[in-house]
Structures are given as C-alpha cells and as structure tokens.
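If you scroll down you'll find the structure; I have some questions about it.
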Amino acid sequence: MTEVAAFVAWLGAAVIVLADSRRGLAAGLAILAVAAAAMAWSQGEQGGAIVLLAGGVLAAALRFTIGPDGWGLMQPGSTPRLLFTIIAALVALWVALAVTSGPSAGIRFAALTVLVLLGGRLLQAAEPAVMLTAIAGIALVLGFVSGDGIASYSLAALITAGVSAMPAPAPPHPRGT
Amino acid sequence: MTQLLSSAAGDTLSLLVYPGLLTIAVFGLAIEVAWSAVARQAIGRPNLRWRRPPTVQVIVALLAMLAVTQFAAPFNAVPTADRNLVIAAIAIGFTAWAELALDPELVARPGLLLIIQSCWLLSVLGPAIEPESLRPQVLGNALVPALLPVKVASGFLYLLCLPALMRLWPMSPPAERRARPRFNATRTMLWFPYCGLFTTLFFPPSADDLAGAVRFFGISIIAALLCVLAGTLLARRGAERARGLYTRAVAPYSLLVLALIVVTLTLTR
Amino acid sequence: MPRLAFASGAALGVAGLVAVVLSRADLTSNQLGITLSLSPASRAILIAASAALAILVALPPPRAERSTLLRWGLGGLAGMTAMAAAPSLGLVVMILLLLVVLQASGVGRRSYANRFRAPALAVGLLALAIALAAMQGPPLLTRLVVVCLVAGLAAALGVLPYIHEFDPDETTAASPIPWLAFLGPIVAVVVVGKAGEMVEGAEDAFGALLIGLGLINIVVATLASWRTSSDAQAWRYSFVADWGLALCGFGLVLPDGVGAALLVLYSILLGRLPLYLWSRQSLREKAQADRPINFIVAAALAGSAPFAGFPARILLLRAATAMYWPLALVLALSFLLWLPGSLRLGRTMGAPAGRQLIGVAVALGISVVFGLFPRPLLGLAGL
Amino acid sequence: MPPIALLAPIALPVAAAAVAAATSRLGERVARLVAAAGAWAALVALAVLWLTVRSTQELSLGPLGFGAGLDLRLDGIGVVFGIIALVPAALLLTLQQRGWQECTVASLAIAAVVLAIESGNMVLTAIGGCTAATLAVVQFDIEDVRAVRPSWASVMIPWIALAWAGVTLQVEAGTAAYAAVPVSALTTQIFALIAIAALLGAGIVPWRGWAVRIWMRPSLRAASVTAATLLPLGLYLLVRAYELGNGRYPQLWLNLALAAWGVLVALGAAVRAQAASTRSEYVAETVPGLAGFALMSIAIGTAVGLFAGLVLLASAALLTSALPLLPDRRSPAALFVVAAAAGVPPGLAFGGRVLGLADAFETGNAFGVVAIAGAATWLVAAAAAARSVGLPAGRRRQATDALALVAAVLGVMVLAAGPAVAALASITSDAIAGVMTLPAAGLAPDPLSIITVSTRLPAVALFGPLLILGAAAVALSRPGPATTAAQSKAPLFDVPGAAAAMSLRDRVSSWTVPEQYRSLFDPVALERVAAGGRPALWLASLIALAIAVSR
C-alpha cells in the first residue's frame, strides 16, 4: 500500500508542477493529500491520516475557488517541467531504494520526490496561487515526516488549509517605514 | 647635606675653574692665537671695555664646561665614578647647534657639519661598546689587543673630523663678509673640549701629579696643533676639495670603523 | 475603538512577555498532548525581541504607526514563541512556513514571488533535511542533512548566498529586514539547537559550514555595506555582516562561541534594528550629518568598545583561539571591515531629534551597559 | 581606604562628562570647568589612593561575562602612568577653549584611559584602550571633520591585538590577570601581540604615522589630549609585559628589536624634523621623537632603562601640554619648549636620554650599536631643533600671551627639572621594583644621584650648579640678532633614496585594472548578481556546499 501511496504522492506533486491554474493545482493537492493520508494510515496513524486527508481536501477545495481560471495542465512550454518530474522521480527512486535504507522505501521516495518537485516549483513559479499550492504540499509532507504524532498531522492539516485560504496578494505599496 | 654641599662645591669648581671655564679659556686662547697666526687672521685689538657676552657664546661656554668636567684630566675634582662619556659627547655635540639656533649666520654648511659630527660621535662612542663602560678613564685605559684596532681606527677618525668640527675648513658662514676671517671667540671655547676628549679617550689616563698634568695637556696641545695643521692644508686645497674629502673619504671611512666595531663585538663574544 | 484594540493588543503582548519571563528555563508542558519546552537561549532571545518591540512601540520612528508596529511585532512574537516552544524541528518548520506565508501576504513593493521565494526555499530545504535525517544510509547522507540545514537557515535569514531581494522603499514589515533582525535570531537559535541529533557524526562539517558561510558573509557584507550605492542597502548588508559573526559563533560550538553569537543577536535586536528604523526617515530624505551622535552610533554599529559588539568579538576570538588560532587571526582582521561601513551608516542617522533622539540614546545606553557587563544576558541564556 | 575607592579615578571623569553634558545650556565655560575639575579630581584621587596605602590595592567586582572580571588593581607603575597621562590631560582641559561636546567626550576618554591603566587584567585593558581610541576619533571628528585624523582602523587594530593576546592567555594559562599569569605563559607570540598593541596604540612608528599627522591639524585641542593619553597607554603595555615575564621579555632579541625600533622611530622623527618647512611641521615631530627614545630605554630591560623611559615620558607629557599653547610668532616660550624637547642640558629630557643611552652601552652586545645610533639621532634632533628656530610659523593659530607664558613655564620646568631626576628615581624605584628587580645597589640610594652599572649620575651636584650658573649667565648675556638665514629654511640633508621611494609609491598608487578586465571586478555587477534573488545562483550554491562537505 505504501508503494502505491508513494506513486500517488509523486503523481500529485507532478500535477502541481505541471498545472498553472486553480483546478489543476487543486487536483494535484487533493491527490497529494490522499497519498499523504494513506502513508500516515500505513504507519498506524489512522487519526492523523483522517486529519491530514481532511486538511488536504479542504485545501484543495479552497484552491479550487482561488486562483487563475481553468486547469492549465501541461500548457505550451511545460516540457522541461515534464522532464523534471520524471528525472526527479528517477533520482528519488534511486536514493530511496539504493542509497538509503530503513523501514519503508515508499515513504522515503514520496518525501524526497514531493519535496524536490515542489521545491523546484517554488523556485520556478511566479504566480501566487501556484507558490501557495506548492508550499501547502510541502506542509503535507512535513506532516508525515516530522513524527510528532497527531500534533504534527493536525498542524500540517491546518497549515495546508490555511495557506490555501490565503487571498490573492494586494498590489504593491508605494513607500513606508 | 654636608656630602651634597661638598660634592656640589667640587663640581662647581670643576665647572668654573679646572678643568672648567678658566682652563677652557686659557687653553682655547692659546690655540686660537696660534691658529690666527698660522692662518694669518687678524686677532684685532683687545677690547677691554666690559660688554655683555652674546647668548650664543654663553651657551657654548656652559656646554663646554659641562663636557670638560667629564674628562680624565689630572686633579679633576669630579669623582671618577661620576664621569660619563655620553654627557661629554652630547654636550660638545650641542655646541654647534646652539650656534645654529641662536646665530644661524655663523654656521657654514650645517648639513655637512651634521654628517661629520655623526662620524665624530662614532669615533667617540664606538670604543665604549665592547668594554661596556662609559667611564672615560676606563676607555683610555683599554689596551686589550682585541680592542686596539677599533681604538686606533676611532682615534684617526676623530682627528679627521676635528678640523671640520672646529670650523678650520675653508667654508665661510653666510655672515662672513671679510676676505680673512677674524678671531673666533666661540671656537676658542671649543679647543679644550675637543682636544681634551681626544686625550681622555685614546690615551691612558695621567696620574694626579704635575707630570700627569703636563702629559695630559701636552697630548691635548699636540692634538690641537695637528688640527691646526690639517686646517691649514684644507685651507690651501679650497672648499670643494675639503667638502669632497669629508663626503667621499671620511663618511665611508666611518662606515668602515662601524663595521670594525661590529666585527670586534662579534669576535669577542 | 482603535485605541481599545491597541491597548488590548499591548496588554496581551505584555502578558505574553511576562509569561515568557516567568517561565522557568527548560520547563516542559504536556497539557496539549504535545511536549512544549522553552530552552534558556530561546527564552533569552524572546525577551530581547519583546524588549526591542517595546522600545519601538514606545518610541516609534517617524511616519510609523504604533498599532501597525504592535500588530506585526506581536504576530511575529507569537510565531517566535511557538517556534521556541515546539518540540521538534518539523513543527518549527511548519510554524516557519506559516510565518513565511503571512509575511508575504503583506503589502510590499516587490512582486509576491520575490518576497515569497527565498523564505519558502528555506522551508523546503529544512523539510528536506528532516526527511533525509529520518533515513538511514551512508555518512554522506548526514552531510547532505548538514547542507540542507545550513542552506535552509541561510535562506530563512536572507544571508549570503541566499540573500533576499531588497527594495529600499518597501515597508520594513514586508521587507527582508524582519527575517534578518526580528524573526531570524529565534529561527537560528532553534534550528542550531535542534540540529544536534540530526547531524550526529557530522558535527565538524556542520560547524565548518557555519563558520565558512559566516566568514563569507562578514567579508562580502561589510565591504558591500561600505561600497554599495544605496544607504538603505548598506544597512541591510550591515545586518548580514552581523549575521556572519553569529554564524561563526554558532559554528565554533564552544560555549564562548555560542555566547558570542547570542550577544551579536542581542545587539541586532536591541541596537541595529531600532537604529535602522529610526534612520529610515533620514534615509528617505537623504539627510546625512556629521554630529557627535552620528560618530557614536557609528562606533556602536562597528562593534567598538564600550558597545555590545566588542565583548561579542572578544568571546569569538577566545573560542576561535581555543579551537584553531589561524581562524582567530582571520576573525581579528575581519573585525576591521566593519569600520568604514559603520561610519557611513552613522551619518545616515541624520540629526535625530525629539523622540528619535531619545530612542537613539536609549539604544546606545543599552549597548554600553551590555558592552561592559554582558553577563546578565549570557546568564539569561544559560551560559 | 576601602577598595571600592579604586573606582573613583574612573568615576570622577565620567561624572564630569555627565555634568558637562547636562550643563551644556549654561555655556561652554561651565562645561570646560567641569571637565577640567573632573580630570584634576581623578588625579587627586589617584594620588590620595596611593599615598594613603603606598602598596598595591585590588578590587574585584566579579566576572563581566566575557571571561574577564571587573578587576581593578592600582600598583606603583599604574600610579606613575596614571599621573603621566592625567597631568597633561587636566592641564589641557583647563587651558584650552572647548565646546561642551568636546569636553564630554574628552572626559570620557580620560576615564577610559584610567580604566585601562587600573585594570587588573589584559582584556579589561583592551576594552579601556579601545574605548579611549574610539573616543579619540570622535573627538577629532567633532573638532574638525575635514582635517586629517587617524584612520579608525589604525587605532582599533592595537586593541583588538591586545584583546587577542588577553584571550590567548586565558585559553593557555587560564587567566589574563597581570598578577596571576604564569611566567611561562608569556610566549613570543603573545608578546608580539602585546608589542603590536603598544606600538600601534601609541603611534610609535618610524614613518609619518597618525601620532605625527594629528599635530598638523588646524586646531590642536583633540590632538593634544589624544597624544597625552594614548602615548603613555601604549608604552604602559610594554612595562606591564615585564611584570608578566617576571622582569624580562620572552627572548632577549625582542628587547633588542624593540630598542632598535625605538631608535628608528626617533630617527624618522628627527629626519623629518630637520627637513620641516615650518615650525608647526617641526613641532609635530617632537613628541614622537621623545616617544622613540622612551621606547628604546624601556626596551633595554633594566631598571635604569625603565626609569629613563619614564623620565622621557614625563618630559613628553609636559611638552604635550605646552606645544598647543605656543604662539605662532618667534618667542622665548617657543625657544624654551624647543630646547626642552631637544634635550638641552641639564633638562629632564637630557637626563632621561643620557640614562637611557648609558644603560644601553652598559647592557652590552648589540645594544651598544643601538646606543650609538640613538646618540647620533639625538644630535640630528638637536640640529633640527636649532634649525626650527628660524622657520616660519606655518599655521594660523593664535595663542594668547597668558597661554604663551604657561607654555614657557612648562618648557622651563622641563629644562630645570634635570637636577631632580635622582629624586624622581628614588620616588619611582618602588614602582619599578613592582615589575622588575632593582640592581643590588638600588636605582637611587639617595635623592642626589643615580647609580648605573659603570657610572654614577650626580644629578644634584652636577646639574644643580650648572643650572644656576646657566640661568645667571643667560640672564646677563646679550641676545643675538633675530635673523633668519635663508639656509635655515633648506633641509640640513636629503635622505638618500627618499625621492625614488616616493616616485615608486606614486607609480604603484597610480596602477589601475586594464579597461578590458574591469568588468570582471565590477563590484556593482557582482552585488546585483548576489542580491538579485536568482534561483539559479541558489541552486549553484547548494551544489557547491554539497561538494564542499562531501570532500
């Protein structure tokens, strides 16, 4: 199950990387939330899984309402991003399976691939909705890697939802102290 | 208190009478008259009317008095332990600059004079390095074979510098308008300090008796006469040759003496 | 009504400060199902930050509203306290993430992406460090954790090489200054404090990397503070240079080094930050002055005796000498690089008058007191 | 006397500074009086503290937090240096016209210097010295921001070096307290740091350093107070180093090197002085020249040498307060001060120089060569002083007749104090014994003469009569014509190679990066790249850091 969840997590992160509009971003966030919840469940943190799923789904719903219209998936010029999602996945897979060891390779793969993909998206994007979605995804990953039990899951869920609820930023201000 | 008064009285006697002011004046007058005769200078009619002496002469006299009290002259009332070569050398060295400060018109080529004075200082203090003593009589007594080369070389350097320091060279100061220089009262007070120091440094000290006194002043007079002779020769050769001698011969020779001092210091360690 | 809101906010802030001051160091609480504890160093930084906020609210810079200062300051303090009390780095990073988003949501002159990107990168790097630390693998893995931690910290603070874009005309709250001068100290103390078990086996690499980055920041930022064309930029670089010292102190690991780092952080919070805010008006008016107060401010900013920077430098030299004396030589030489930039910054204070003059005098007085007698501050941090 | 009273000499100037600032509205005169009163009160407090106990007093107020405690310690040598620093400072604050801001900063600087001298450990001394140096720079900028002043870095370096020496002692020996540091802890490296602090802190360098350039400012208020306080503070460190090393430096060659450096400093000052084109240029070289001789004497490493250094420092202190009071015109005051500085017998400077040179000869080895160089340097300085009498004034400062009279009195004091040199020796011998062992026969068994290894200086018996005779004779003499020969304006000699060195310096300073390479070193472009927030740079940095730690 963890391996499937890890693949789904990569899929969600990849969708966020490849999407430029609210629907695509919301879909990616929702897929990522499902994967994160599944991974928490696989670790025996059922409560945490539910909280994480709730937070992620709420965040996806909010993202669905805020941001540029449409799906904006794989728009012209997104080929480098597509390659990035594949290469990052392959490198993360190699690190998770060959370089590192531990109880669950799936979780290692998921954490690495999502963080690398969303981190790359943060650096490359200029649209607030995209950046906020990427950072919300990172919050989800933090939820299941920080290992503080329900507290970290709850906080991650709250932050994911809160970040997605942020309105579009105000226009630049002239001067001030 | 008694000790203070007695030693102060002794030092005052040394400053004013022997080997101080009176001796300086008598010795200087004699040698200056001789120089005037040799150089065919006009001594001028002695002016017996009392006039306040110029400050520059007073200062030079005071410095000369301080210097001669440090000499290893027979019957010097200053205890031998109280004599210090540095005081003598610096006091004599200051005389030239007192003139420059108070009456600059009297000093010819002060820059060259400074270089020569530095060479002279090396000849005075150089022999004191190895004995590690500043008592003039100790330096005069130093006849250790290892130290003799430095002593002889320094003595020769001293004699080479003397004519220039005594202003017997043919370089007239800015104020001098006459063809033939006149009797020089300031120089009169420098003959004994320079010549007496030569005797003190480069000859064993004389005993405190008449013979010793004769020996001390005899050597000093010979040194003075050698200086007069050298001055006459320089006068004949002219100013350019004289300057050439001091810049191209004496200065490099003083460096040689310095090297000799350093080598001696290294070898005797 | 605004007065009431302001008063209640201030009262809540004071209450929070009192709670922090009264909380015994290393006191733990499990009441929320989560272990909260406040380390002595974090507590000391929180108190210093609160004091800085109190000074600024009491003596606000020209054209700054007390309520705005209080709103932003208390918000920041709340986040800082949460980070300080959080039991794990994971929770700390999540709170940091929240602060990043909140700060970027403010009104600024730079584009949202430029305001958001660097701190968000810090969150990503720290999260990656946590993820890598949870894995087992070769020693290289721990070294990568070290890189992610140090790079994440540098990105959060906005020091070289992850320096944030800066617009001199932007409001301070929306600019990178809060990361350098208000939130940064607690982030650094908490990250370095919690990095211990994560970098086990690579402590040397962690220290070396902090020292290396510290030295780069000292050299580049002091020179930039001296030569850069904009006075406001010069101020920003001066914060970065001070952070170079603090990073070196944390990297030296020894108690003296940590003490030096904390003293630098105190002097940033209680000295450089208020002075910068009080200089903003003259920066806008490009009014420079060569009065005695300007030279004394310059001396304080340069870390000269008797101001707080000097004992910090002495402690740093001591730690460096104990560890590796050539490093002490490099540090001793680098201390001189503060001087030309500080003279320039001192002049940019203009001719402070009224409230501003009182504020400058207070900041200088605090700096002198802790420059001659820093023991209470270090004792507060458990050193 | 309770130990807490050791704070008084520091607290009184601080209080005076506070009062001077608080009473600024009452006019500058009040601030000046308050600041002067503070300095004099500190001096009196120092004297009372010492005279009531006549032994070392200590006060420890606990650790300050950076490895050093607030340990104050007043011993004999501290009192001597305190007096040497405070007397001219108090005189200058009393006599010179200052604004309240200058009075305040000067008083604080004086307090910092006293703190450095009273400090019981090296780190606290570094803090006091650094504070004094910083306040000196502030004083210069308050006085005239456009005039030449020491670069801030040049006055900070020494105190950072001293702080480093202090913390190194703490790390290696466990303490930096002067009285507790084990002798073996004073290594050559630590001593080198102390020496750097001493020489640069006091500006004792052979070239035209800040200690010379400050005397060329249009106004000499800040310069004189700075010279009066920082010069003794620098040399104080070298004296304390004797205490750390139980009366000696770690290696004999360090003594020799420092003595040679001292002569070089004095020679540099004398060479520049003999080429000075104005009297103010000459005056700028007098105090650094004396400082060079003082350094040479102190570095010899004997009690007589140390005493000679103290005598020269005392002369420098009095002359430092006299020089800024001199009028532009040629006057007896200028003549007295110049003569006193040149070391005309039987002055204090003469006695100090004679003792220092004699001690160097008697120490033997290469010190004798250093002594010959010192004596030659003395004559060059004398020639420069003589030449300076005929130079034009070269500045536009006007001193009142009253101030000129004070300057003349100070000059005469230095000239007439020669006979008192033995009395000074018997007074200071206890202080010197605190840092190094005295000769078996003592330094001055009676207040009439000083014993060196091979000779005895009968200060009173010889200098006393000479002084009386000299005063009477000069009074009765006829002053020469006050003419200025054209030659006295020309340098006495040119330093060989100086012109070549200058041209080389100009050529080097005119070097620039070729046009085609300038873009490589464009700091603005580099700053734009670094501060541009470019993700590519961030990723590259991340990779670089990863490579750095993985090696």
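Note that the chains take the letters A, B, C and D in the order they are written out, and that residue 1 is the start of every chain.
Keep in mind that, in the parts below, a contact is a pair of C-beta atoms (placed from the backbone, for glycine too) under 8 Å apart; a residue touches a chain by one contact, two chains touch by 3 or more.
Quick caveat: nothing in here was measured; it's all calculated off a predicted structure.
K.L.:
Please state whether C-D or A-D has more C-beta contact pairs across its interface.
P.N.:
C-D
K.L.:
Report the chain whose CA-based centre is farthest from the CA-based centre of chain D.
P.N.:
Of all the other chains, the one whose centre lies farthest from chain D is A.
K.L.:
Averaging only over C-alpha atoms, locate the centres of chain C and chain D and give their separation in whole Å.
P.N.:
40
K.L.:
Cα centroid separation between chain A and chain D, in whole Å?
P.N.:
69
K.L.:
Quick check: how many Å separate the C-alpha centres of chain B and chain D?
P.N.:
36
K.L.:
Take the average of all CA coordinates in chain B, do the same for chain C, and state the distance between these two points in whole angstrom.
P.N.:
Spacing between the chain centres: roughly 74 Å.
K.L.:
Which chain A residues sit where two or more other chains touch them?
P.N.:
123
K.L.:
Scan chain C for residues touching two or more other chains and write them down.
P.N.:
Residues 117, 121, 125.
K.L.:
By residue number and range, which residues of chain D touch two or more other chains?
P.N.:
Those would be 535, 538.
K.L.:
How are the chains arranged in terms of who touches whom: line, ring, star, complete or other?
P.N.:
other
K.L.:
Okay, in this complex, where on chain D does chain B touch?
P.N.:
Chain D reaches chain B through residues 274, 335, 338-339, 342-346, 350, 353-354, 357-358, 361-366, 368-369, 371-372, 375-376, 378-380, 382-383, 385-387, 389-390, 448-449, 452-458, 460-462, 464-466, 469-470, 473-474, 476-481, 483-488, 491-493.
K.L.:
Going by the contact rule set out above, which residues of chain A touch chain D in the complex?
P.N.:
Residue positions touching the partner: 123-124.
K.L.:
Can you tell me which positions in chain D touch chain A when the two form their complex?
P.N.:
535, 538-539
K.L.:
In their shared complex, at which residues does chain B touch chain D?
P.N.:
Of all residues in chain B, those touching chain D are 3-4, 7-8, 10-12, 15-16, 51-59, 61-63, 65-66, 69, 78-79, 81-84, 86-87, 89-91, 93-94, 96-105, 110-111, 114-115, 117-118, 121-122, 125-126, 128-130, 132-135, 138, 174, 258, 261-262, 265, 269.
K.L.:
Over in the complex, which chain C residues touch chain D? Could you list them?
P.N.:
Within the complex, chain C touches chain D at residues 114, 117-118, 121, 125, 140, 143-144, 146-147, 150-151, 155, 160-166, 202, 205, 208-209, 212, 220, 223-224, 227-229, 233, 256, 259, 290, 292, 295-296, 299, 302, 304-306, 310-311, 313-315, 317-318, 321-322, 325, 328, 332, 335-336, 339-340, 343, 372-379.
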